[in-house]
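Sharing a structure here in C-alpha cells format.
For reference, chains read A, B, C and D in written order, and residue numbers begin at 1 within each chain.
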Amino acid sequence: MKHSFKSDYSELCHPRILSALSAAATGQFEGYCDDIYSLGAAAIIRDVFKAPNADVHFVSGGTQANLVIISSILRPHEAVIAPHAGHIFVHEAGAIEATGHKICTREGLNGKLSVTDIRSVVEEHCDEHMVKPRLVYLSLSTECGTVYTKAELSEISEYCRKNGLYIHLDGARLGAGINSTFCDLTYPDLTNLVDIFYIGGTKTGALFGEAIVICNDDLKEDFRFLMKQRGALLAKGAVIGLQFEALFETCRQYICLYDELSLHANKMAKHLAEGIKALGYEFFSPAETNIIIPLLPPKIVEQLCKLYDFHVWSNLGDMVAIRLVTSWATTQDVIEDFLEDLKAIP
Amino acid sequence: MKHSFKSDYSELCHPRILSALSAAATGQFEGYCDDIYSLGAAAIIRDVFKAPNADVHFVSGGTQANLVIISSILRPHEAVIAPHAGHIFVHEAGAIEATGHKICTREGLNGKLSVTDIRSVVEEHCDEHMVKPRLVYLSLSTECGTVYTKAELSEISEYCRKNGLYIHLDGARLGAGINSTFCDLTYPDLTNLVDIFYIGGTKTGALFGEAIVICNDDLKEDFRFLMKQRGALLAKGAVIGLQFEALFETCRQYICLYDELSLHANKMAKHLAEGIKALGYEFFSPAETNIIIPLLPPKIVEQLCKLYDFHVWSNLGDMVAIRLVTSWATTQDVIEDFLEDLKAIP
Amino acid sequence: MKHSFKSDYSELCHPRILSALSAAATGQFEGYCDDIYSLGAAAIIRDVFKAPNADVHFVSGGTQANLVIISSILRPHEAVIAPHAGHIFVHEAGAIEATGHKICTREGLNGKLSVTDIRSVVEEHCDEHMVKPRLVYLSLSTECGTVYTKAELSEISEYCRKNGLYIHLDGARLGAGINSTFCDLTYPDLTNLVDIFYIGGTKTGALFGEAIVICNDDLKEDFRFLMKQRGALLAKGAVIGLQFEALFETCRQYICLYDELSLHANKMAKHLAEGIKALGYEFFSPAETNIIIPLLPPKIVEQLCKLYDFHVWSNLGDMVAIRLVTSWATTQDVIEDFLEDLKAIP
Amino acid sequence: MKHSFKSDYSELCHPRILSALSAAATGQFEGYCDDIYSLGAAAIIRDVFKAPNADVHFVSGGTQANLVIISSILRPHEAVIAPHAGHIFVHEAGAIEATGHKICTREGLNGKLSVTDIRSVVEEHCDEHMVKPRLVYLSLSTECGTVYTKAELSEISEYCRKNGLYIHLDGARLGAGINSTFCDLTYPDLTNLVDIFYIGGTKTGALFGEAIVICNDDLKEDFRFLMKQRGALLAKGAVIGLQFEALFETCRQYICLYDELSLHANKMAKHLAEGIKALGYEFFSPAETNIIIPLLPPKIVEQLCKLYDFHVWSNLGDMVAIRLVTSWATTQDVIEDFLEDLKAIP
C-alpha cells in the first residue's frame, strides 16, 4: 500500500510530544492527574477556552470519555439523543447501553442533529413507559466530517436549556472542527453553549489521551469517582497531562500546536477534495474538515483500494462513498500521488 | 519532600521505553492493536510464557484490565472470590460491581487466599437466593507485597479446576512477584496454573499499559468486543505494544528489561527492609517484593512523613503500619538516606 | 366513559381464577415456585406445548419476563434484533438497555420482522466496534395486533439457526395470536421453532403472571438465579402457578380456559372491525387478533373519545389511527353500542 | 411433615384478601396503579403513617422493592451500607450489585447496625479510589427477628442526616416489627426517621405485594420510570392496591388487619420461644418478633427435622441455631404439638 487514509491515528505522535516526554523523564510526580503537568495543562485549557471555573480531566480514549461522561450524568431511566451517525450509536460496541442507557436517534443531516430532530424525540417520550431523554450528544467535527455553525449550535443550546436537556459535545476531532473554514465557532463559544465536552488528543498528534472539560457546575460532582470506576483514571495521568501542555501551551499568544496540526490536516483534505471534485466527482456530505467522503464508481474503488487503504462509508449501488482521512502527518506529496493515481485509473 | 515511596508509578518511564517510542515515530501503522508492534509484543509474550496458543491483548491500566476480564467471563448472577485486601474489592471504586457482579471476600492471610478460604465461599453459596461464585481473583505480587509459592498456587489451581472455578491473576506487579526470591513460580507456570492474567507495565517502567494473557480457550471468544465496549481498545494500541516489545524482547535468551527492572525494585526494597529490621522494627506482612510494610511507633511516623511521602497502611494504635514502595528508578542513595533519617529520629 | 378499549388488562380476572385461589386458600405450600401448583402447571404446559424437556418458570409481568430472559442469554456485547414497534424497544422504559444490551431495530411491517430485516442487521454488524446481534425478539400476536404464519416463523427460525441467533418470542398475547384465524401456528409449533418464549397470563384473564418456557437446553442453566436477581422469583410463586393450572388444565382433551378466553376476545374484535369496515373505514394494520387499529377522521376521534377510552396509536394528519383492544370480558353489547355511537357521530 | 416453620409465606392469603378480590371482580379499572384501589390504599397508608406528602407505590416483591429503591437513589459510584445479615447482602442473588452498586457491610449485632458501624464505613471511604457510601439499609424487623428501638433508630437517623446519608428501611416484616413488644416505634415514627421504606404484604397475609413509601421529597422524582424499567410496574396494579386497602383500611379507628395478623404471628412465636426456653435452651439472638432462632443440640435437630420443616440458620458445632417462623395462620395447636414433640425427643 502506498498510504493509508483510514484514519488520523495511523501515525505515532508529533515530535514535540516526544520532546515533552523526554523533558519529563526524570524526577517523580504525583499519581492520578494530581501532578504538575496535568494541573498545568488544565490551567492552560481553562485559559484557552475562557472557562476559569471549568473542571478538566484526562482520560485515555474517546469511547472511554463518552461512557464516563454519559454514565456520570444520567439516572438509570434517562436517555441520550444522538444522530444515526453518532459514534456512540454505531461504533462503540454498545458502550453506552452497557452502562444502562438507551440512545434515542434521529437520522439527522450530514451527521448533524437539528432542533427539530431533538424536539421530535422529546415530544415522543411522554410517560414512564418510555425512557426520559436528558442529554443531547453532538460531535464536532461530525463523523461525516461536517461542522456546526455558531447559529446552529446556539439554537440547539437555547432549546436544550429551555427544556432541561444537557449537551455533551464529542470533540474527538475538535481541532479539525473549530479550525474548519466552515465553522465560525471559537473555543470559548463551546464553554458558553455546551455543558460538557472533550478535546481529542489521539487524533491530533498525541500518543493518546483526551481532555474532558466540564463547564456546567451541576455535572462536576464526584467526576473522579466515575473515572476511577470505569478504569479511566490513569495512575500516570501525567503522561496525558504533559501532552496536552505541549498541544495547547503557546495558545495564549500565538497559534498552538493543536491548531497548527488541525489546520494542516484540514488543508490537506481540502486539497484532496478539490482535486477529486476537479475530476468530476460528487461528495456524500460536504467536505468541511479532515474527513471527506467522495462518491466514486465501484470500478474505480476496486482499483483504488489496491493502492490505498481507506474505509468504505456506504455502498449506494451505482456509486460507492469512500471515507478519506488526512492527519497532521499527511504530506502534500501523498495527496498529489493519490490524485494522479485516481486520474490514471481507466 | 526528599523522596516519595508512595508507589512504583511516580516516575515517567525507563529510557529504553522512550527510545522505542522514538524509533517508531515515523511511518504509519494499523489501529486497535493490529499493528506490527502489538503483534510482535504478543508473539514475544507467548514465547516467554510458553503459551503458544494464548491470546494477548493490550489495555491502558489495571482497573480497566480487571473490569474487562471479569465482566467478559461472568454471567450476571456469577461472582468473584477475592481476599479482603484485593485491589478489586477496596481500591477500584466499585468497578466490578458497576459491571453487575458481587465480590465475595475472605480475610485471607497477608493478602493471599487459601483453598480453605475459597472452599468456604463455595460451600456457603448453595442456592439461587445467593450469587454463584465462578472466578477466583488472586494478585501476584499481592497488595501487601507478598507472593504465592508454586505449591500454594498449584493447590488453588487444582481445587478450582475440580470445582468449575476460573482463576484470574492480577499481575499489576507480576515482575516483582515472579522475580522475588520468595517466589519459585516461573512465567510458564502461570500459563499452566491460571486461566487468565495480566502483566503490569505501568508499575514496571512503562509509560502505561498492561498485557492481558488468556490461556484458557473458553475465555477467548469475542474478547475484543468487550475491550471496545469498556473503552479499553486504544486507537493507537501500538503505543502499548511497542512498550511491551521493549520490556520483554531480549527475554528469549538473556534477562529482559521487565525482569531487570523488577529485580532492581525488589533489591532496593530488600535493602530497605533489612535496614529497618536492623533498627529493631517488625513488619505487618512478610517483606517479599518491592512493597514493604514496616510497623513504626506513631511518633516516628509523624517525623518521617515530614521528610518522605508514603501511605499509611493501617493504624494499629501503638504502632503504625506504613507502606513503602520502591521502583525501577529508586536509587541506593535514596535508601541509605531514608535509613539514616529513620535512625536519626529521636 | 361508557367503556375502555385501552387494554385487555382492565378487568380483574376470570371467575375460574378466583375459584382456583379459593380452593387453594388453606394449607401450606413450598415457596419460590417449588409448590404443587407451579409444578402442576409446568407439567400441563409441557404437555400442551409437546415440550417434555422444557423448563417452565413463572414471573409476575411481561417486562420482567423480557428483561430476565434477555439478560440471561446475552453476554455484555451481544444485542437483540427487534422491530421498531417491539414492546422492548418502545414501551419498557429502557429495561433491556438497563441490563446492558443494545436493541438493533428494523422498521418491519405491521409489527413483524422478516428474514430480510434480520439479515440486514447481521450483515451491518461486522466487527468488534459494533455490538454482536445474538437474539431475535418477535411478538405473537404483535403490538399491532398481527400474527406470524407458520411459513413466516419457519423461515425466520431456519435463518436464525443457520446463523447462530436465538429467538425469543414475546407471548404477552400468545392466546390471541395462536387462536387467530390468520395464524396457522399451533402451541407445539412454537416448541419447535423458537428457543424461548413466554405465555401471557395478565392479558388473558389472570390476575397477573406469565409463564416462561425454555425449549433450548443451552438457555436453561441457572435461570432461577437470574429470576431471583431481577426480583422475579415470587415467594408465593404458587399464586401464579395455580392460575396457569386453571388456564390450561383441560387443554389435554377439550379446549382450555386460555383458548376460550382468547377466542372470545378475538371474536369481539372481529365483530368490531367488521362493523367499522362496514362504515367505510380502513385500517392501519390488518385486523387479525384482539387489537385492531382503525383509521378515523380527526373530528370523529374527537367525539369518540368523549364516550370511550382508547389510545391513539398514530396521528397521520388527515386520519388518526386509534387502538381498540377487546378482552375476555368484553361483551357483544359493548361492541354494538360502540358501533352505534360511531355511526351516530355526525 | 406435620408443619413447616420455614417462613411466613407458606400459606396463600387471609380470607379477607380473597373477599376483597371477589368484591372487585367486576367492572373495569385503570392500569399501572392509577386505579381507585391503588389510589385508595395509598391514601389510607398516608393517613396511617401520618405522611400526607408521601408518595406510595406498589410492587410485587421485596427483592424488587429493594432493587428499584436503591438503584433509583444512587449514582453509579455510590454504595449502600448494610449489616452482614442484611437480606440485600446475602439473599438476593446479587440484585443490588446487578444494578451496579457495592454493598459495604459491617457485622452488626443481632442483624442490626449501630451508628458506630455506619461511621466506621464512612470514615474508611475517604477518596475516589473507593465507592462513596450514600444510603443506609436497615430491616425492621431484622432477618434475625430483632427490632430497633426508637432511641436506636433516632440516633442512626440523626447521624445520617448530619452526614448526607439516606436511610432505606426494608419492611418485609414491618408489621411484626412495629407490633413487637420490644419495639416502641410507631408507624408515624418511620415517616419522621427514615427517607424511604416499604411495607411488606407477602409475609403478612397478602397474596403478594409490597407498598413503597417515599417520605423524602428528594427521592420522589421519576420513581415510576424506575419501577417500569425494572419490570415492577404491574399492569393490574389494582390487584396489589386492593390488598393493601384490605390490610390497612380500618386502621384509622380500630386495629387494622395488618396489625391483627402481625400481632397473632408474634404471639405464636412468643409462645413457642417461651416453651423452648422452659426446656432449658438458649437463643442465637433475642426472640422479639415472629422469627425465633433457638440453639439446639445437633441430635435433637436431627430428630426434629423429621417432623417439621425449618431452616438451619447456623451450625455452631456443639449447637445448631434453627430458624422458626410463625405466621398469621399459625395455630396454637401447632405450637403445642411442636413443644410436645421437642420435649419427647430423647
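Quick note on the criterion: a contact is a pair of C-beta atoms (placed from the backbone, for glycine too) under 8 Å apart; a residue touches a chain by one contact, two chains touch by 3 or more.
Just so it is clear, the model here is predicted, and its values are computed rather than measured.
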{"item": "Label of the chain whose CA centroid is most distant from the centroid of subunit D", "value": "A"}
{"item": "Repeat of interface B-D, chosen from A-C, A-B or B-C - more than half of residue-number contact pairs shared", "value": "A-C"}
{"item": "Inter-chain centre distance, subunit A versus subunit D - centres from mean C-alpha coordinates, in Å", "value": "51"}
{"item": "Averaged-CA centre spacing for the pair subunit C and subunit A, given as whole angstrom", "value": "43"}
{"item": "Inter-chain centre distance, subunit C versus subunit D - centres from mean C-alpha coordinates, in Å", "value": "34"}
{"item": "Contacts with 2+ other chains: residues of subunit B", "value": "76-77, 92-94, 98-100, 128-129, 131, 225, 228-229, 233"}
{"item": "Residues of subunit B touching subunit A in the complex", "value": "3-4, 6-7, 9-13, 15, 18, 21-22, 24-31, 60-68, 92-95, 98, 202-203, 207-208, 225, 228-236, 238-239"}
{"item": "Residues of subunit A defined as touching subunit C within the complex", "value": "76-77, 79, 90-94, 97-102, 128-131"}
{"item": "Of all residues in subunit B, those that touch subunit C in their complex", "value": "71-72, 75-77, 99-100, 128-129, 131-132, 222, 224-229, 233"}
